[in-house]
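In what follows, a structure is listed as structure tokens, so that the remarks can point back to it.
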Amino acid sequence: MAGNTFGQLFKLTTFGESHGIAIGGIIDGCPAGLQLDLKAVQRDLDRRKPGQSKIVTQRKESDTVQILSGIFEGVTTGTPIGFQIVNENQKSKDYSHIKDTYRPSHADKVYDDKYGTRDYRGGGRSSARETASRVVAGAVAKQLLAHMKIYAFTTAVGDLEQDKPYQELDFNEIENNAVRCADSAFAKACTQKILEVRKAGDTIGGVITCVIQNVDSGLGEPVFDKLHADLAKAMLSINAVKGFEYGSGFEGSKMLGSEHNDLYNQDGTTQTNLSGGIQGGISNGMDIYFKVAFKPVATIMQDQPTINSKGEQTQMQGKGRHDPCVVPRAVPIVEAMAALVLADHYLRSRTSRV
Amino acid sequence: MAGNTFGQLFKLTTFGESHGIAIGGIIDGCPAGLQLDLKAVQRDLDRRKPGQSKIVTQRKESDTVQILSGIFEGVTTGTPIGFQIVNENQKSKDYSHIKDTYRPSHADKVYDDKYGTRDYRGGGRSSARETASRVVAGAVAKQLLAHMKIYAFTTAVGDLEQDKPYQELDFNEIENNAVRCADSAFAKACTQKILEVRKAGDTIGGVITCVIQNVDSGLGEPVFDKLHADLAKAMLSINAVKGFEYGSGFEGSKMLGSEHNDLYNQDGTTQTNLSGGIQGGISNGMDIYFKVAFKPVATIMQDQPTINSKGEQTQMQGKGRHDPCVVPRAVPIVEAMAALVLADHYLRSRTSRV
Amino acid sequence: MAGNTFGQLFKLTTFGESHGIAIGGIIDGCPAGLQLDLKAVQRDLDRRKPGQSKIVTQRKESDTVQILSGIFEGVTTGTPIGFQIVNENQKSKDYSHIKDTYRPSHADKVYDDKYGTRDYRGGGRSSARETASRVVAGAVAKQLLAHMKIYAFTTAVGDLEQDKPYQELDFNEIENNAVRCADSAFAKACTQKILEVRKAGDTIGGVITCVIQNVDSGLGEPVFDKLHADLAKAMLSINAVKGFEYGSGFEGSKMLGSEHNDLYNQDGTTQTNLSGGIQGGISNGMDIYFKVAFKPVATIMQDQPTINSKGEQTQMQGKGRHDPCVVPRAVPIVEAMAALVLADHYLRSRTSRV
Amino acid sequence: MAGNTFGQLFKLTTFGESHGIAIGGIIDGCPAGLQLDLKAVQRDLDRRKPGQSKIVTQRKESDTVQILSGIFEGVTTGTPIGFQIVNENQKSKDYSHIKDTYRPSHADKVYDDKYGTRDYRGGGRSSARETASRVVAGAVAKQLLAHMKIYAFTTAVGDLEQDKPYQELDFNEIENNAVRCADSAFAKACTQKILEVRKAGDTIGGVITCVIQNVDSGLGEPVFDKLHADLAKAMLSINAVKGFEYGSGFEGSKMLGSEHNDLYNQDGTTQTNLSGGIQGGISNGMDIYFKVAFKPVATIMQDQPTINSKGEQTQMQGKGRHDPCVVPRAVPIVEAMAALVLADHYLRSRTSRV
């Protein structure tokens, strides 16, 4: 069954394969009357695009979004916003090394198992190229939620971990370095690590933290559609993500209730925020923060033994230009998915009272 | 907007407040022709119910499920399965201590903020009592998936952590101890820890691991409805959950691609399974395993300062009989939610090919 | 796949078989803060129940609704409203005449074909008994939409047709006669017709008209979820319905554009209302009106040849007490479904603008 | 809220305004492995396009569909099928006559009321141009359902009505005449009628009948998602549709049960088919047939008084090239929507049994 739609009221449906004619999507449910800054949308896309720095893939793609509908005279009309990003990278390449061969820890084999067929060009639908469409929609969602501030940034590359609490970091620093850390010294260490890994023809994982400020209280639905449950799904739906924690997270499982409870100030804010801005699935107006773990990219520039579709042993080596670490380019994707979740619940919250 | 339904083809919708007349739900989409063992359903409910051991809440509730529809002569008919669990605990109690007072790290205040009103009796809808309905539906889902084996078990209580890999544990041990560990020595240590914490009027968090064996390959949809994304949402929708990781999880973010890739055996299985049985969002037939972090229960038997609905400072102490650690009773809930996700994707997978 | 839920924001999910333990449902998405008059809910149920007059089935069922959740101190809390109607009619009857025999123009055979099994007691899930749950939910929806007025009434029984336009009818008359006509002379004629048909052991069809006044403008979504498209689905989902038309309806297809166009008054109302209060799928504030055609009840008190599940020819005669004409009891069902559609779009319209 | 998606398992989401850059959509849920004949898709589009005969609008648009994803080497891959139809008709025209003026019986005013803004170029999103995307998706659905035969054809233009039962008509005749009647003599009369109406600067309504043969039994879900309820919604979602009836339809409401019941043959087929191939919402394998009523096109070439957005009285006359009767071009749209409903239930039926 179809699984290419995200959201219930602010809905994104995407289409497109890595090396097809175009990728794109439809945003359905964006309210009318939003003055849309299309340059800001392209800016977020540029933050995700390949070739933007020496620590990411050196592929050159301009990733220009074209809006096809839903906006008239600069303002959303309430009708669906169709958009596409034409693939420039379509020329017939040599895919013989992956056509019949299953790349380890890729989705090649499960696609064949599930569908009996697969677009093998550059990973087809399983490629992270699809996330460009999410960035477009997320950028629209951000403008709907202009009063909230969403900051994602790198807090680990391999075993290098940012140990300062986020309150001590400088969000203005994020776009000043290629790794997108909120701390220049840490950024430097991460950059060096990634360059070393790339030189070895290897790849490495990392962690992105996301902080959302000025959140409306009352977002999120009790029971299944808890705000953090939808955030978890959103994050785990991003390619290469292996884990999600919010507020106190896994560390919170080690604590006592007497340590963990967030006591109230008289104004209704809390003295601590181990709840991560969400209680019982509903935002309470405090900062929302969460962490997302990314595995190392599966395509490495080293020889690996594998099998082909006939079940024969074979060797393969990654070709092409791939990211040594997915985290720097994943920062805008994390922001986009967070924005989509918040926009959806922002609209949903309008029906909670008569 | 409504958020009380889980699943797309195997759908559970629940209703009910902690101290209302009844809780229950409707399972819609269970295929016809399933010979249903209702005793097994009740057995799972009994694993969740209060009062079953000395380390859980001593409230006495029989939690008996009554099936109202959808089953005829012992077999599902393809029509919705309505069910209820009548609350025995409805007698008018004294709730004055929580009626106007906001319990720290509970949902009391956000419910008032969101809805302008709240059923304050025992937490109302925000109480984990709602999860009993999930256990019922999960037990039905398990029978639909009888060929798969779903094992959840406790792997941490506070800072006590199970460090053996799950392959070395004994799943037959799980129901032999009150904490539901798959290792009797570890169970003993956890039991002692929980008893100490309870004696101090405090509570403590923990971690549950879930392993699913004999999984069909091909379950899960690419892009947004990845199998692990739906598992993440399912787990984060359980009360008190703060984090989720599958396969290599957060540890995987520290690894190199050359270490992390799961190389294929000639039969299509993989030599390692850092992927956690899921690649590109689709099950590959290897074991699925994931971890779920639970925070300490917010209700503690100690005095805490807090505020009331008028914004005045006040003191409160937890009353009643509460769990010192939620993890032992959450084991069947984790299993239930895993079963719901798998049942949904099991049905969805039937339409992936012409 | 499941098909037991109606609505997107104001959602009703129903369960239950004709002769099971109970029927009922869950209303999810009713906003918090609605002071609910439960007597008005029961009153609508009483309008639908059997045995209320000499022209409907003489079965005696009290059809008492019990609310299980979602309402606290008389006010909706924003959480799901679970409810049930316990079947009093469960005693083991003799169903041998329908267990293996397929009643003509009933759903017996298609249920067996589709599901391989069927609850044959009194039609099981295919019985119109299920619509009692819709009446409950519709009565809640009506209270959410208290500013709108929804009137359904009988405008044809067999070839007896009400030929006055609805503007000349008296809606206060509807509940004064058993057929629920908005005209006492017409009611008398219909009553006599139904009594004749019953005497002959036969049944007869009819038409219900529904008029909705004081409708908010702006309800309905362009394209697929046009307000009248959702009304059409709602009406066709009622047992025995064969047709739906709104505004000018089938007659409109015979007209010229110059006759059919509704010209504007200066205040934005229209001089005529062939549009039926809906233009481009969106309500314009004028009266909405539509007609619903019901076929004659399939169960007749006459001998009919048929087949059994083994494909053998056999004879059968309707047993029990059935309606000679479904229309009088269907009036509150039409109202309920109209209310559900309007409540859904009423909530949906809250997100059309930023 | 969004309303631009149709279907649950075979889902179409559309975007696009009449005079925007492009219209198009995403088909999500089409199973993998379908060898797709793209020429047949274009053929259906050509049946809908303007300028194809002297009785339809003389606008010239080539309406060429471009598939952007989801098909690889001629076969569906199970991933979403994105497609677009670039608008050739975008050049800046003079829209001053409709920019601020509300055309009678059009959606101009309700769009302004609902959204506070509107793309006034050629009707924007409310234009029937959007249905071209439905024809594309319907043509794909038809290929998934190649074993079923879907025939739509004109059975009334104004008060000219085809009175032969469909069994006596010749479906091969449909594409031989511009009105798309299944009878050449009737086609001739309809053509003349339409030409007369056009000459008078007027428009006229009509009726389309649809017959579906070789239908699988077991399609449709009981209760809300009855097969005919979904067909009704599908048809009423088409621009200008005012009514729907299936099987005996409104005429059935005049009949006695003893006349209306379809008695079984020994092989399970029925002697008559007043049920219209659907019993209890589920297909029984007999022909499905239904009628759809279309109102006359609202744009006429005559002067009409109306109001503008300031509430002032004004005059307007239709400009441009419009259809004098929508029915001939609506035939492929009716087929497309029928195919979408059937494809959806065809996939849904795969989960009705264990």
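Per-chain residue numbering starts at 1, and chain names A, B, C and D are given in the order in which the chains are listed.
We take it that a contact is a pair of C-beta atoms (placed from the backbone, for glycine too) under 8 Å apart; a residue touches a chain by one contact, two chains touch by 3 or more.
To keep track of the chains, here are their UniProt names: A, B, C, D = Chorismate synthase.
Every value quoted in this text rests on a predicted model; they were computed, and no experiment measured them.
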Centroid comparison with chain A (C-alpha atoms), farthest chain: C
A-C versus A-B: which interface comes out with more C-beta contact pairs? A-B
Roughly how far is chain A from chain B, going centre to centre by Cα mean, in whole Å? 26
Cα-centroid distance, chain A relative to chain D, in whole angstrom: 39
CA centre of chain A versus CA centre of chain C: separation in Å? 46
Residue numbers in chain A touching two or more further chains are 1-5, 9, 14, 29, 32-33, 78-79, 114-116, 125, 222, 347, 351-353
Residues of chain A that touch chain B when the two form their complex: 1-6, 8-9, 14, 102, 104-107, 109-111, 113-116, 125-126, 130, 156, 158-159, 197, 202-207, 217-218, 221-226, 228-237, 239, 242-250, 252-268, 270, 274-276, 279-284, 291, 293-300, 302, 304-307, 311-313, 348-349, 351-353
Residues on chain C engaged by chain B in the complex (per definition of touch): 1-5, 9, 11, 13-17, 20-26, 28-29, 32-33, 66-70, 72, 75, 77-82, 84, 114-119, 124-125, 347
Give the list of chain A residues in touch with chain C in this complex. 9, 29, 31-34, 76, 78-79, 144, 222, 347, 350-354
